[in-house]
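Take a look at the structures below.
Shared between the two complexes below is chain A, which has chain B as its partner in the first and chain C in the second.
Right, the complex of A and B next:
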């Protein structure tokens, strides 16, 4: 593996059916690099939840994934509405997603809790009306 | 239990992945909420669901799920099926309801594999 690899993605807000494309690409690339299957799965799930959140809540955004031999850092940045109450949003079952999102299989209030559970560190930097940056780290 | 066993137990039809019929299945989950599916990592798992959009396939992909069963005779959108092509994944459909399909597999010894603490 090279010392440092950086992947960048733009998450389109328009098409829910395409949500997950970035996570899928990262998963395939990590597999090819020989990263352990359990770490690959953690990255894939955490990033996928984040990607879905970006599409549902934030009108899309940009994702940067930084891979080094020690860790994988995912930075998900959007200019959406921001999270009003981060503590509440981290609780399992709490969701502000509209009903139509639930009919698509999401909005169960498990997104951020799942992201926290599958990563070694999660930092949420959010400001109402400005946007949210979620930084997730998985140690290798 | 293998994918083939599931196909027979559920009187199912295989929509994709006939080459994966002999794949071993160790655990199962049944849900229409994908985030609930994503909450518990399981190995060699089958997902039973009534949800038919491409995010079911994406969820299966992220979780390394080996088989998806669409219940109540549902068939996924064309876009969803094409997303699953070329992956180590079998896609089945059954006329049984989610409850009935899960029950039939559980009765034969397939469990959830994850306990809520």
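Right, the complex of A and C next:
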């Protein structure tokens, strides 16, 4: 593996049919690099949840994935509405997803909790009306 | 039991047989329709039984590394989703059975 690989993705707003493409691409690349299946699965799950959140809540955004031999860092940046109450949003079962999103099978209030559970570190930097940056780290 | 054996013996209809994925051994059965719960809890290599049949079901199936998807209650993929299953080599089966009965059938075959 090279010392440092950076992948960047743009997430389209409100496009549920394409949501997950960035996560799938990262998953495939990590597999090719020989990253352990359990780490690949963690990255895939955490990143997909983040990607879906951007589609549902934030008019899309941009994702940067940094891969080094020690760790994988995912930075998900949007200019959406921001998260009013991060503590609540981190609670399992709490969701502000609209009905049309729930009808697709989302809105269980597990997005951020999954992101926390499947990563070694998660930092949420959010400001109402400005946007949110979520930084997730998985140690290898 | 491999995915191919499930296809051959379950009586479920193959929507997409899946490529190399058919040699995968199925580790167990998992049932859930809420995608984020399935994402967080479906064990790798399981047969995932759900009535949620859309593009996102396939994304979750691929990312959570399940062995195959069983669509219960006659739930059906639209053409674009079926095409995606084919492209990504995700095995998808369908049945008119309710979720519990479909899962029980897989479970019984695994024993």
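Basically, the second predicted complex is superposed on the first by the 139 of 140 C-alpha atoms of A that agree within 3 Å, B and C clash if a C-alpha of one lies under 4 Å from a C-alpha of the other, contacts with A are read in each partner's own complex, and residues count from 1 in each chain.
Going forward, a contact is a pair of C-beta atoms (placed from the backbone, for glycine too) under 8 Å apart; a residue touches a chain by one contact, two chains touch by 3 or more.
All of these numbers come straight from a predicted model, not from anything done at the bench.
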{"item": "Touched partner set for A:90, first chain B, second chain C, both or neither", "value": "neither"}
{"item": "Which superposed partner A:17 touches (first chain B, second chain C, both, neither)", "value": "both"}
{"item": "Which superposed partner A:140 touches (first chain B, second chain C, both, neither)", "value": "neither"}
{"item": "Touched partner set for A:45, first chain B, second chain C, both or neither", "value": "both"}
{"item": "Touched partner set for A:79, first chain B, second chain C, both or neither", "value": "neither"}
{"item": "Partner chain in contact with A:37 - chain B first, chain C second, else both or neither", "value": "both"}
{"item": "Interface residues of chain A shared between complexes with chain B and chain C", "value": "16-17, 19-20, 23-24, 27, 37, 41, 44-45, 48-49, 52, 104-111, 113-114, 117"}
{"item": "In the complex, chain B residues that touch chain A", "value": "32-36, 38-39, 41, 49, 51, 53-56, 58-59, 61-64, 79"}
{"item": "Complex contacts: residues of chain A adjacent to chain C", "value": "16-17, 19-20, 23-24, 27, 37, 41, 44-45, 48-49, 52, 104-111, 113-114, 117-118"}
{"item": "Parts of chain C lying in touch with chain A, wherever the complex brings them together", "value": "33-37, 39-40, 44, 52, 54-57, 59-60, 62-65, 80, 88"}
{"item": "Contact footprint of chain B on chain A as seen in their complex", "value": "16-17, 19-20, 23-24, 27, 37, 41, 44-45, 48-49, 52, 102, 104-111, 113-114, 117"}
